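Starting off with a structure, shown below.
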Amino acid sequence: MAKNEKEKFNDFGLGDKSSSDGYRALNKDGTFNITRTNIPFFERLNFFHSLVTMKWSRFFGLIIIGYFIVNLFFATIYSMIGVEHLTGTKGMTPFEQYMEAFFFSAQTITTLGYGRVAPLGLAANIVAAIESMLGLLSFALATGLLYGRFSKPNTKIRYSDKAVIAPYQNINGFMFRLVNPQKNQLLEVEINVSLSVKRNDSDLRNFYNLELERKKVMFFPSMWTIVHPIDKESPMYNLSKKDLLIKDAEFIVMLKAFDESSSLPVYSRTSYKADELFWGEKFIYAAKRENGKLNVDVGLINHTENVDLN
Amino acid sequence: MAKNEKEKFNDFGLGDKSSSDGYRALNKDGTFNITRTNIPFFERLNFFHSLVTMKWSRFFGLIIIGYFIVNLFFATIYSMIGVEHLTGTKGMTPFEQYMEAFFFSAQTITTLGYGRVAPLGLAANIVAAIESMLGLLSFALATGLLYGRFSKPNTKIRYSDKAVIAPYQNINGFMFRLVNPQKNQLLEVEINVSLSVKRNDSDLRNFYNLELERKKVMFFPSMWTIVHPIDKESPMYNLSKKDLLIKDAEFIVMLKAFDESSSLPVYSRTSYKADELFWGEKFIYAAKRENGKLNVDVGLINHTENVDLN
Amino acid sequence: MAKNEKEKFNDFGLGDKSSSDGYRALNKDGTFNITRTNIPFFERLNFFHSLVTMKWSRFFGLIIIGYFIVNLFFATIYSMIGVEHLTGTKGMTPFEQYMEAFFFSAQTITTLGYGRVAPLGLAANIVAAIESMLGLLSFALATGLLYGRFSKPNTKIRYSDKAVIAPYQNINGFMFRLVNPQKNQLLEVEINVSLSVKRNDSDLRNFYNLELERKKVMFFPSMWTIVHPIDKESPMYNLSKKDLLIKDAEFIVMLKAFDESSSLPVYSRTSYKADELFWGEKFIYAAKRENGKLNVDVGLINHTENVDLN
Amino acid sequence: MAKNEKEKFNDFGLGDKSSSDGYRALNKDGTFNITRTNIPFFERLNFFHSLVTMKWSRFFGLIIIGYFIVNLFFATIYSMIGVEHLTGTKGMTPFEQYMEAFFFSAQTITTLGYGRVAPLGLAANIVAAIESMLGLLSFALATGLLYGRFSKPNTKIRYSDKAVIAPYQNINGFMFRLVNPQKNQLLEVEINVSLSVKRNDSDLRNFYNLELERKKVMFFPSMWTIVHPIDKESPMYNLSKKDLLIKDAEFIVMLKAFDESSSLPVYSRTSYKADELFWGEKFIYAAKRENGKLNVDVGLINHTENVDLN
């Protein structure tokens, strides 16, 4: 049964075949070290996904540039129609007239419509009617994008930078810890840790599911130390620090939880390589009672002290 | 197996180590008595989450203040450019001119644009084009925030203020009751009760999962009495009222359900301390038939009567 | 085990205690015959839920009336300030002036702002600035409400009006059928049927879970006949038509599915009373092959023919 | 137990009764070959669903046509009221006057409101107030629709065009492969394959669940080859290529996953008919190491090479 489960977990989509020395399947930030090529543009394309996941600075940059370009475009059209079809323009030079057209376009696309300058005649009116409609649709789109950006579950689990091997009961354990730095509550938090090591005789890799002291917690308001006890059943049993480095070990961590703030499930991933694992250190306790509350000092998440191993 | 499950439930993220006398892990409203410090500002920050969960009065207050400040800001800019670049202004005194600029700003940012006052010249036009764009984006944001605020599942389960020990079949039971006061239907309602008590010999705490008469109901249109039968398997077996007070007992309640109105899962939490537990009282029946309907009197949720215990 | 499950299902929040003769727990449309009284107004209140679930006619009615009243309100304020503070008004009589104020208000709250009439002076400008802001917020709210109304999973499962007792293999079965009349696909459809009957010796009711031939289907593109085989294990075994009427039987149906269109889970409920159950009828087949497609005639959902029972 | 599961899977809503020769239950794109007729218009109707799932070209076409028609409608009303009730109109001929009314309508419904033309008098003002309100509501609707269109999980799993029978360990296996061409991560991907074959003696069909080498992967960043080992337990055991063609075999594939980008579950379906199954071919390996990353060449998804079967 245990073997079966390991078998099933084997590979799990990360490719056991070409993962040779020095390869990290999962980056620390949870992204995969996998690229895909030769995807037709249309299949790859996900307009909304890109606009919702890009950085804020880039998102606002795109909006501002788009606003500028669209106004340039319409200003050119109004100029071609002739500014005499815009009432109230006071520009004398061609540049001033183009500027009048430009700002008239801006007043139209935002549906501001001061009316000091207004379209006169069929052509100018048609363009203005189209532009104002376009403005409304663009704005509808921006509303959706802003909501899409904000309403995404915004969970940034913070993992300790390093994992440790520390005493656990009368054996040792593989440990790391994590905290939710934000105000949103995470509930029914489930964690899954697996170990990927190179096979002795080939470039292929084996994947093992690591049994945890506690796989799921109902609440997660505090700091949580994940422990894999290195007992006789553990794939890490009798492996030394050097063995793990030679086998190019990677510990792959996947967390699943329910985010009460967005009412959506959230996932988080990270990994530890053999050289991020410290032997004979233990995490220091980060919580203390204060005014009837338990206070957790998140700044201590990476603090360890030396300890003798069993 | 049972022991295993209790073991797993142990701590569940609430910290078994420093929970000494008089400590309440979970407040009555379901928040945790845990604070986290030393979190970098950027990690802690969740702009949308704050704006969506703050009180309505504060939310509208922020909007109004923001509207006022932004208009002050732009009015100052227009004044610096000079009100002579705004056509149609009729203000004579500097204050009147500033007011004209202020209201022109308000008409621009809301894209109202009466046009009695309108920008003339490059500088004023540029500022107005930027302001109207900013107005649209702010408004897009407000739309998203309002929707985010409203669309959150808004479930306020009402729990009885007190729990009781009352006869149940030929033994006694730990009981409390709950009702959904709102119109939205809750389906597949699951409840979980655990008991946290101080250990005899230390400051540490033990957590026990309490077996319930009924752990899940498919519908929840009425009032529901939760019963933990105190049989020989119960961690409360042979514990007296005084024992629970000495052991600083806390009953931690967690409810999970599907909210048909929002099509989302919802969670609710509360807790009872030993001094909110009343021995030898039972809840009076709150439902009666009326015109072919079952009528539940929610006002009776806390009403109990004295009863002899088994 | 089986008994245990029935036990658990017992009551399921529908109240087994006061359900006497002629009582229907669940209406045909899936609503509950349960009312709750004495709920404080603030707890009961769910503004968004009400506005999102009310009928379209009522929703639009509210918007139109609200628009009218708000404009009356602001028109009165502008009139009190004096129409001389609105430029360009051409009204002579008090009524005409009030009308000018009214339409000026409408042009302001929609951020239309023609500017033929525009505010002049501090008081009128302040009111207009507030009104346009209010307009934007109301409109943001309306956007959210419209989206909330539309994005709700809109699944209307259609159940056969009657249930039947028909031959099934070499015994008989309790049967009804259902279809999804809409274009959205329902996946992983799960159905649950239970029988509620009066106890012989009291007003109380028993609830039994009915075993089904097939409890779950992965796809539901066609019409589905639900069958409970009346074998020796069935709570309906040896019960006659008359028995079910005397016991005031109610068959409670609950369906759960994943709605691919909204990517949300959906639930549907209905019930059959003993007098909606027809003995010795069977549903006629409603599907036939046409041009390489299977064609399901939804209009036949209630069509049955007489049949001899086993 | 295994038999039981097959039994349960039997039919799964696809209609086992009239599926005779040459019938394909599930199209390659995952739609069903099933139509439903005689559905009352009101039950079938799902306005939002239609507007959200139609093609972009059609969606924008509808908006543009709608905008044009609504303006024609209001222009006609304003013309009937008389353009003399619109100030500032400069049209001389009836056509020019109608055009003025048309563009005035466009400026009103978009809440642009230049004000060069503005309503005067009760009738024109009432119509304009109604039109601007209608404009806001339509725009709110468009915002919701655009968001609804964009926020839908947009997952297009790409399946290999053909399935193959290739050696697997010391037997053979039924195989096909799939890839997620988009940037969004799919997690907890579960796959289900079943085989539908005609019965020997009738028009009816049998459905069998196919056991897979791996039914679920936690991550899916790469290409995944699904393998059903044809061992003694397999319903394909001892069936030849010809047998499958005669039995009109259809392999029905259903995939379920969690889409991290939208935080929603997604489903995907496809099918392979017997003539899309190639014997003695195997998929060539599509991944290689490059700069410390694994590179998957999606263009190779259909590439196979000949191989001897066991």
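To keep things simple, chains are lettered A, B, C and D as they appear, and every chain counts its residues starting from 1.
Quick note on the criterion: a contact is a pair of C-beta atoms (placed from the backbone, for glycine too) under 8 Å apart; a residue touches a chain by one contact, two chains touch by 3 or more.
The structure displayed is predicted, hence computed values, not measured ones.
Undergrad: Quote the value, from 0 to 180 degrees and to the nearest 5, of the angle by which the CA atoms of chain A must be rotated to coincide with those of chain B.
TA: The rotation relating chain A to chain B comes to 90 degrees.
Undergrad: Among A-C, B-D or A-B, find the interface that matches B-C: by residue number, over half of the contact pairs should be common to both.
TA: Within A-C, B-D or A-B, the interface duplicating B-C belongs to A-B.
Undergrad: Could the interface between the copies chain A and chain D be described as same, meaning over half of its residue numbers are common to both, or is it different?
TA: Copies use mostly different positions to touch.
Undergrad: Taking each chain's centre as the mean of its CA atoms, how far is chain C from chain D in angstrom?
TA: 26
Undergrad: Could you please state the distance in Å, as a whole number, between where the Cα atoms of chain A are centred and where those of chain C are centred?
TA: Spacing between the chain centres: roughly 37 Å.
Undergrad: Could you pull out the residues of chain A that touch at least 2 other chains?
TA: 111-115, 143, 147, 264
Undergrad: Would you tell me which residues of chain D are touching chain B in their complex?
TA: Within the complex, chain D contacts chain B at residues 111, 113-115, 143.
Undergrad: Please give the residue numbers of chain D that touch chain C in the complex, ascending.
TA: 8-15, 17-20, 22-25, 32-40, 43-50, 52-53, 87, 108, 111-115, 118-120, 122, 125, 128-129, 132-133, 135-137, 140-141, 143-145, 147-148, 152-153, 192, 254, 262, 264-267
Undergrad: Could you please specify the touching residues of chain C with respect to chain D in the complex?
TA: Where chain C meets chain D, its residues are 63-64, 67, 71, 90, 99, 103, 106-107, 110-116, 139, 142-143, 146-147, 150-151, 154, 156, 158, 179, 181-185, 187, 189, 214-222, 224, 258, 260-261, 263-264, 285, 287-290, 292-300.
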